[in-house]
Every structure is written in structure tokens, then in C-alpha cells.
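First chain written, first letter: the chains are A, B, C and D, and each begins at residue 1.
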Amino acid sequence: MNNYSVLGKSEIKVDAVEKVLGTAKFAADYTMPNMLWGGVFRSTVPHAYIKKLNLEKARALPGVACVLDHTAIPGGNRFGIIIKDEPCLVDDKVRRYGDAIAVVAAETKELVHEALELIEVEYEELEPIFTVERAMEEDAPKIHGDSNVHAKKFLNFGDVDAAWDKCDIIIENTYSTHRLSHMFIEPDAGISYYDDQGLLTVIASTQNPHYDRGEVAVMLGIPANQVRVKQAATGGGFGGKLDIGVQLHCALLTYYTKRPVKIVRDRRESTMVSAKRHPITMHAKTGATKDGKLVAVDVDMVSDSGAYASYGPAVIGRAPVHIAGPYECPNVRCSAVFYYTNSPMAGAFRGFGVPQAAVCHEGQMNALARALNMDPIEIRLKNAHKVGTVIPTGQKLTESVGFADTLKMAAAKAAEVM
Amino acid sequence: MNKIKITCTVNGEAVCREVYPNQRLLDFLREELGLTSVKEGCGEGECGACTVIFNGEPVTSCCMLAGQAEGADIVTLEGLSKNGEMDKIQKAFIEVGAVQCGFCTPGMVLTAKALLDKNPHPTMDEIKLAMSGNLCRCTGYAKIHQAVAKAAAE
Amino acid sequence: MKKRGRGVGCMWYGVGNTGLPNPAAAFVEVLGDTSVNLMVGCADIGQGSSTVMAQIAAETLGLSYENIHVTWADTAVTPEGGATSASRQTFISGNAVKNACLDAMGELKRTAAEKLEVPEEDLIFRDRMIYSAKDESKKMTYPELMGAMKYYGRLAVGAGYYNPKTTYLNPADMSGVPYEVYSYATTICEVDVDTETGEVDVLKVVSAHDVGTPINETMVEGQIEGGVAMGEGFVLFENIEVDGKTGAIKNPIFSKYIIPSNMDVPEIYPVVVSSEGDAGPFGAKGVGEPALIPMIPAVTAAVEDAIGCRFTHLPIFPKDIVAAVKAKEAEEAAK
Amino acid sequence: MREFDFYSPTSVPEALELLRKYKDSNAIVAGGTDIVIELNERKHTPKVVIDIKRLKELEYIRFEDGLVKIGALTSHAAIAADPRIAERTRVLHTACAEVGSPQIRNLGTIGGNLSTASVAGDGVAAMVTLDASVVLRSKDGERTMKLVDFLNGEGYDKRNALQSDELMTEVFFTEPDAHTATAFYKLAKRKSLAISVIGGGMRCSVDDAGVVTAISLRGGCLGRYPLQFKAAEEHVLGKKLSLELLRETLPMMHDLVLDLNRNRPWSVFYKKESVQGVFNKLFVDILAQLNMEVGA
């Protein structure tokens, strides 16, 4: 056992005192002199061209400081953590229910609501796509570019086709997981202003302030060091505050009004706009010897990744690598295809596709244990990763592989308390 | 729209304000009085983040209008520590590690405070029942229950 | 009728981004009075990364936890931290903090070595003391060291970053080194299932996590307990419903999207498992996402075990349980 | 929230005066657990909001003249905490003790629950099981009607019989005697903060020989208003009470739920099956209560 002087101790968290006193400042708790409230006008259709957008009535409402659409954006109008495919304000077409079309800043919250109600839009609706089956058809309308395939991955290790002959038992199942929401208790919020050095500053509920800084700078067409993003105390994230939230819209309104602007999403807007967990369908074929040693794993997975890429590329990269579970297996193959649709955007959510992969590999492992009449802990111990294991990407594990210990210690604890 | 006058006690101090009536108690506390420990998580009385102690009882301030505060005695988290000394519940939350993101914490602490004021030595089942109107997404509640039990034992 | 069942779920999780560079950085300055300013880009969303960073800095510098003030996630002050995602911050920002502290210790070590007349490599910094590993009588206090630093006009400042040792993956077959380290976990779950109403009581959960080295044991437990609750919700309560015509989310609010309340969560027994390794700061790995993952298959397996039905499609709602029970009864009656 | 004028009357006559004066566009706020949310979301935009929470005269629970009388402004928490209700009227105690959350139970009132008359109102199911009556008052006077008639009424917003210048002031029901047991079971998606999927209510009276002299079997959330299992009630009435007898009614419940919910294919399967599970639990509960009574 290592002998540390500070590590391992349950020190009081650095932010615990202010949080129990209620003095910790979350983004919505900031207020400033001369501050405006901001809000976003969003689409109520999933897939459409905007034929007409009338902002004049909203602009004419006394107390409204500014109403902006995409034409006001001085720099770039595409953002996204990996692929820049989402507009700050829609300029070509609406791709999902809830796409941002215009932003409003006004003297009070109430006036923001009234101004938003005065914005008029006419759509030319397009066929919406809500299933991967439709998305993959030739004649399906294209959400982005000329293909609805958002990403494809193929993992191949050993020789799966040749391996089936060596199996005493083969288990085949189709698994599906559903779309989920983070439901952090704090809805997204932020405030922007020019600080006393002239930096366009955004204080926001975020998991990713440096990324936010880059996006704000690109949108405004200014150097990144002229933007300051500060994370406010953040009321949970779980991946849902990795994509940019209110930051761009706040910054754009401050850029034009030169005044502090605060945007606080209500629960509905927060859930509607933030990314969701990828629903994934996985067809799995697993082969093993009669004493329970894995021989081959072959999985096909598809997912509806929604209207924008968000963290989809991270999920599709991670799920295949993890698909065989924490088990040694000499032959692994996984093919994954994610599609763009007009569904709610799927993205980062605690686990990035590994929870879905675990539903598959553990479902298969439990099925295998039952079929072979083996104890679920025993079959896992038999296959468990250890130092020296070669994983399905060919990487050899050289240290810190405590899987077998977790199995043994969990089983021991369960025997004690259950 | 006519303004209304609200006279009430907040955290032990008399408060008198003339305000427009179209705001919730939550908005009145946060925006008129600057008591931003009162959090809005859902706006529909489901999450409990906006809980305040209203005449001795925990209530969700998003379900009340500002005008309903007239004559009431209201306690928010700001009113819990006295002369810089934290309440034992606050200390227990820190010591047990019951705070993660901290957004549900004000409502949790106040709900626990209302419980212990009435029932200083609750059973674990009573603690769980009393805290069952406050959602938390971070902690799995285990350490929150432990913290309330610890505070009660002191 | 209530039926009891038990299930096992396991997982592994590669820490950091998949086969991609994802560095993070830290700045540190040890001030003359031995207090420390630590600046990290890493966003703390309540999981406690700033606390972890302070503990790593204190351990590395040989100071106490209370000496460290952390400023985090302010782009005008703190260097790039990358995203708080992929369970990467303890491992990557933690290593960055360690590297920044080692950088600042260059001048500290030079000065202590001169004052104590011992080789730099023999010096141990621990509990606010600096001493020779070979001769513990050769020692000085941290304030004495900082006094000497001041005398010589030296500053203890450091910058450090860390990028995990991975490779880009081969596009043809995904071969390569996707992650430098992996966390592992096993969860065992016990449930009661009411076969008439489909209600599930999740009774007890044991969740054992290999975190390498726990930096802060209470916070590790907190992650595990929170993950268990979220995993329970994943399987038994939660589902986003989408309107088939507009693509709108039909249940965006807490009264319709059901997350577990405190009355729903089981008794949770977190088990913190250590494993030996050098990649992480003092061997530490991530636990944020691993905390959630194994509960999902474990609770699924427990329900399956209770009623003897398979569930390959999630979520498992009471209606699905009742349907499965009825189907099984019909099947058995037909035999 | 849109603009409105706000009044806080301190007596019932004052409240009725205001309701009459602003009968064209008013909203009554009591507990606020529904209406304040609607106001905030601009779904409801009255010109005048009348806060009746100050009418302390409508907060009471009285056992008198063989009746249990509950003031409309009595909170769920107060009803759940009343030992007489817990002992004599388990169905109401349980329903009120499991509404929403502790915070919501502190705010929400029984009158609000009945006037809002949400499909999933647990108080509604419990009160219907008890065959309660409600008292409505306006400036013109007072009227009393059975709760079921109130629920089927066509008042100003078509939800129930309430007119826009009327206030519900009381709900009352016959005090269950020593030969009567009542019970409530809430089937919900989680154990707290939950809206009922089914709120099952049962009331059963037996004579000295154990023969059923009165019975009420009601299922909340199975239709617009708590569903009466009439065939099941008739099957049991006049016979000697036993678990076997009660369980004979389960297929009738199944069939009725199936019949009435055929147009909701996504929920009918579960509801027709689980309603039996709900009532199975109620039967056991009721028998346990009665055996204790009868045996003593």
C-alpha cells in the first residue's frame, strides 16, 4: 500500500462551504447593472426552409433592445465540438424541432416572452426523417450534404469468420437501448458582458469553457484572446453541458447591445435543446467453448444520431472498442453506422456509447452463463482482462488492470450484505 | 396592473416591498430580495430546488405567487447560518460529502431543517419520507440521508 | 406476487478521448508564505475535480491540502483543460497538475539541495517539510525553504500539461492504442419484482470499482452512489418520447421524464478497488462514467433472474414486465 | 406571467364578492400547485387572480353528526396527519399521504384537488370511493351535490359543475363505522413525486355475520373520472366476505378496463392486467382491517 500524506483522504471539497451556504453563484444567479434578458425563437417544425421571417413587430415593442437573425452574425455561423454542422441561428434550413432562428434581448423577462410571441415565420416544410430505416433509403431527403450517413466505423480483430467453427456454443441476440436525457437539475444559463478590459466575457453553466471560447470567437470573428469564458458553479452536466448552450446567443446579443445579457433556459427548452443519449440497436453474435471461454464476438450497430453531429463521432468511436466487454476474446468484429435524422440531437451522455455496449456484452455474457449453467461471476473471471491481455485494437495491457479484483470483491461484499 | 404591497418576515428580518403581482414567490425572493440560494430547477413543483420554509413548512416557492407571502415567515438558506456559524445540517452535509453539484443542496438543507425543527430525532424512514420531494441527479441520495441523520444525532 | 432476483453487470472504460490527442494543462505558483495558487482549465461540475487537483498538488509539492487555492475554468486565467468528459480529468488534468508542480519544484529542489547540501534526487517534500531520504536529520521547513528562495530571488512557478499516450486508430480496422488506461467495475444488484403490477423494488446494490488509486475516497463513493441511481433510472424509469410528426420531445419536464426519487434508490455498498500503475497521477484513473455503466446490465439481469424472462430491449417498464410474465404464463400453459 | 390584478380576501363573503365582480376572467389560487404553473407558463391569462389561502375558516376537519366534514382549504398534509382520518378513513389518509411530495402536500388543498379534478387526482379517487359530497358557494347562496355529479357537471370551463363565481367550501362524507374498512393503493412510476398510473380505492362494510352490506370499488386514472366497478360491486354485495369472493371480481375489472380503454392500445394492456394487481393488494388490506375489527 502506498503511503501518501494527502491522497486518499476524504478532504472537504473546495466548493462545499459556499454550496451549503447558498452563496455559490450559478449562472442564473448573476445579475448586473443595465442587464438585459435574452431569449431564443425556435422552430416548431422538424425539417423546413424558412420562407419568411418577420422580426419587425418584435423590434417595435417598447423595451426590446434588439432582435437578431443569422444575418447579424459577424463571423462564422457553424459550430460543433467535432464537426461544425450546427448553425448558431438557422441560415439555410431547419433540421430539428427547436432549432434556433432568432434571438431577442429586452429589459425584462416578460418582455422577452412577448417579443418572441411577436416573431412571425413561414416555413416550406420538407419530409422529416425520424428513423434510420428511412434515413438510409436512396430517395430520402438529405439532412446535411449528400448522405444521411453521419459516421461509420469498422473494428476487426483476429478472424471472426474462421472462429465460429471453434465454438461449442453460439449466442445470438438483438439489443436496443433508448433515448435518454441528462436531467441535470440546473437548466442551462449564462450571462455575457464586456469586462473592464474590453474582453467579451461569458459566464456560463458549462463542462467545456475553452471550447466555448473558441466558438464565441469564431462566431464574432475576433481573436480567441478577446473572449473570456468563465465557468459558473454548474448544477450537473453528465455530458449535457458539453455542447455549447446559451453562450453564443448571449455573446451575440452583448456584441450588438454592448450591455450585459442573461439567458436562462426553462426546463422545457433545456431538455429540448441539449443532446440526448444515442439510442443504439445492436445485433450480437457471441461464440464460446463449452467451458465458457470467449472465442468470437461479432456486432452490428446502428443509431439515430439526430439532426447534428454533436459528440456522435466520439460515441461511434468508443462503442466498438468496448463492444466485447472487459473480456479476452481473440476474434472481435464490430461494424457501426450512425445516421443523421430530424430527431432530437444525440450526443454526449455519461459513458459515450459504453453503457449501450455494456447492455450488449453483459446481455450476451449472462445468456452464455445461463446456457452453460455457469455462475455469472465464474464465467467472467474465466475471461477477465489482466495484465498482458491484448484488447480488440491490438493494444497490450501493461498495468492497472483490476477487473478480477472488482469481481471478487463485489461477490464477497454481496455475500455479506445480500 | 396594480402593484401590491408585501409585508413579511424573511430570514428573521421584516421586509416590505411594493411589487407587481405577476411573479412567483421564487422570483420575488431571487430577484426582489436577491436571495439566489433559492434555485429554479423545473418550475412545476417537481424537483424541490426552490424549497423554502414557509411558516414552518417546506414548500416549493415556484408554486406560490409573491402576493401569498403577505404576513408570512419565510426562511431561505441565507437565513440558516447565524453570526457566521453554520447550522449543524450544513456542517453535516460538508463532513459527509453530501454535496456534489450543489444545485439541489439549498432545498435539501431547508427540507431537512424543517424536519429536524419538528422532529429532532427522526428514524431513517422518516428522514427519507421528509426528503422525498427533493430530486438529486448527482449523489444517489445516500450521503444526503447520512448527513441528515448525522445532524440529527448531534 | 413478489419475486426476488439478483444480477451481475461489469464494464471497462477507456479513460480519455478515443485514439485522439486530448491534452490538458495547469499553472502553479508557490508563494512566499507557502500558500499556492493552482490554475487549471478543468471544469468542475460538482464531481470534485478541483478538489482532486488540490490534493494532487499538495501531495506533489509536499504541502497540505489547505495551502492550495484552485482557480478553475476561466479562460483568461487558466490554461486549456479540454472537456470535462470521458472520465478524463483526474487522469489528464491530474497529470498536468503533477507536471506543473514538478516544474515549479525545479527551483525549490535546487534551493533546498544547496541549503541542505544534499543531492536534489535525495530530497523528499512531504507534510510541509523537506528532508533527505538518506539522512532525515538534514531537513528544513517549507517556510525556511521559501525564505531561502526569496533570498536568492527565485520563484517557484510551474506550467505543465499532459496528453495521454495513445495513437490514432487505423481507419481500416480501428487497430492502435485508443486509451492509455482503463477503469473496470462490477456491480451486483438485488431486486423484488411484483409480477402483478410490474413494480420493481431495487433493494441492494454492491458496486466495486477499480480506480487505480482513489484520490478522495468519499468523492469516489459519491460518484458510485450517483451512478447506481442513474443506472436504475436508465433501465426502469427513463425514456425520452418523441412526437412522430414534429420530432418534439413529448416529456421534457420532471413530472413526465421520471428520474429516481430518494424513495426509489437502493441501499448502495460502494467498494473502492485499487490497482497498480504509473500512468495516472499516483496511479489514479477515472470513475465518473464507470460509476453508471455496470448498474445498467446488473439491474436488467436482476429483473430477468427474478421472473425468468429475458429483456433485450430497454427500458424495462412495469408494463413490459407484466407483458413478459403474461407471455411466459401463456407459454407454460401451452406446454 | 402576464399582467393581472391580485386580491387576497380574508373572509368567504369577501371572496364571493370578488368572484362575482370579476366572474368574466378570474383565477382562484389556493395551494397554487397547478394554477401558478399555468400562470407562469402563460397557459392561463386571467385579468384577476384571487388568492383564497387566507380564508382560514375553510381549514378544518370535523367529525360531527355522523359525517366527516373537511374544509376545502385543508391541505393534503393536514388530512394525512389527522389521526382520526388515519384510523377511520384509510383510503383518504393513504391518498393524501402519497400525493406529490411533502412540499406539494403542504401547499395543495383538497378543494383544489377536487375542483381541478385531474384524471390522476388521488384525492378525487379517494373521495369518490367514500361517496363524498361537495358544498359550493356563491354570492347567491350555497348548493350541495354528490362529488360524482360535480365531476360530471358542466360548469364554466366544462371540467366540472363549478361556475366562475363559485367557490368550493367543503367536502363531506359519512363517517365509516366500525364495520367498515377503506383502503387506497397508488400504482405509480416512482415512489415519490409521482402521478398515479392507477389509484385504486375500496370501501367495504360487513354485518356481524361478515356479509357485505356496502361496497365501493373505484379506479382512478382509468377514465375521465374514477371508474366504478359496478359489476364487481354487485357480485360481492350481500355475500359473505372472503378473499376468494373478492378475487372472483378480478376478471370483471379486467374486462371493464379493456372495454373502456380500447382506444388507448398503448396503455390498455398494462392497465387491464395491473388493475388486478392493485385490487388484489386492496383486498388483502381490507380483509386484514376487517378481521381485526370483527375479531375484536
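What we mean here is this: a contact is a pair of C-beta atoms (placed from the backbone, for glycine too) under 8 Å apart; a residue touches a chain by one contact, two chains touch by 3 or more.
These numbers were taken from a predicted model, which means no experiment stands behind them.
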More C-beta contacts across B-C or across A-B? A-B
Going by CA means, which chain is nearest the middle of everything shown? A
Which integer distance in Å separates the CA centroid of chain A from that of chain B? 32
Measuring from the mean C-alpha position of chain C to the mean C-alpha position of chain D, what distance in angstrom results? 47
Dist(centroid_CA(chain B), centroid_CA(chain D)) in Å evaluates to 29
Touching two or more other chains in chain D are residues 1-2, 191-193
Residue list for chain A, restricted to those that touch at least two other chains: 10, 12-13, 15, 110, 183, 234-238, 267
I need the residues of chain C touching at least two other chains; which ones are they? 45-46, 48, 218-219, 227, 230, 253-255, 259, 261-263
Which positions of chain B touch chain D when the two form their complex? 1-2, 4, 20-24, 43-46, 48, 51, 54, 57-60, 62-65, 67-68, 70, 111, 129-130, 132-135
Within their complex, chain C touches chain D through residues 194, 196-199, 237, 254-255, 258, 260-264, 318-319, 322-323, 326
Provide the residue numbers of chain D that touch chain C in the complex, in ascending order. 187, 189-195, 197, 267, 269-270, 273-274, 276-278, 280
Which residues of chain A touch chain C once you look at their complex with the stated criterion? 2, 4-15, 44-47, 81, 96-98, 128, 130, 153-157, 173-181, 183, 199, 201, 206-211, 213, 227-231, 234-239, 241-242, 267-268, 270-272, 276, 311, 314, 317-318, 320-322, 325-326, 342-344, 348, 350-352, 354-355, 358-359, 362-363, 365-367, 376-377, 380, 385, 392-395, 397, 399-403, 405-407, 409-411, 413-414, 417-418
Can you check the complex and tell me which residues of chain C touch chain A? 6-14, 17-19, 41, 43-46, 48, 50-51, 54-56, 58-59, 62, 64-65, 70, 72-76, 80-86, 126-127, 169, 172-178, 181-182, 184-188, 190, 204, 206-210, 212-219, 227, 230-231, 234, 238-240, 242-249, 252-254, 257, 259, 267, 269, 271, 273-280, 282-283, 285, 288-289, 292-294, 296-298, 300-301, 304, 310, 312-315
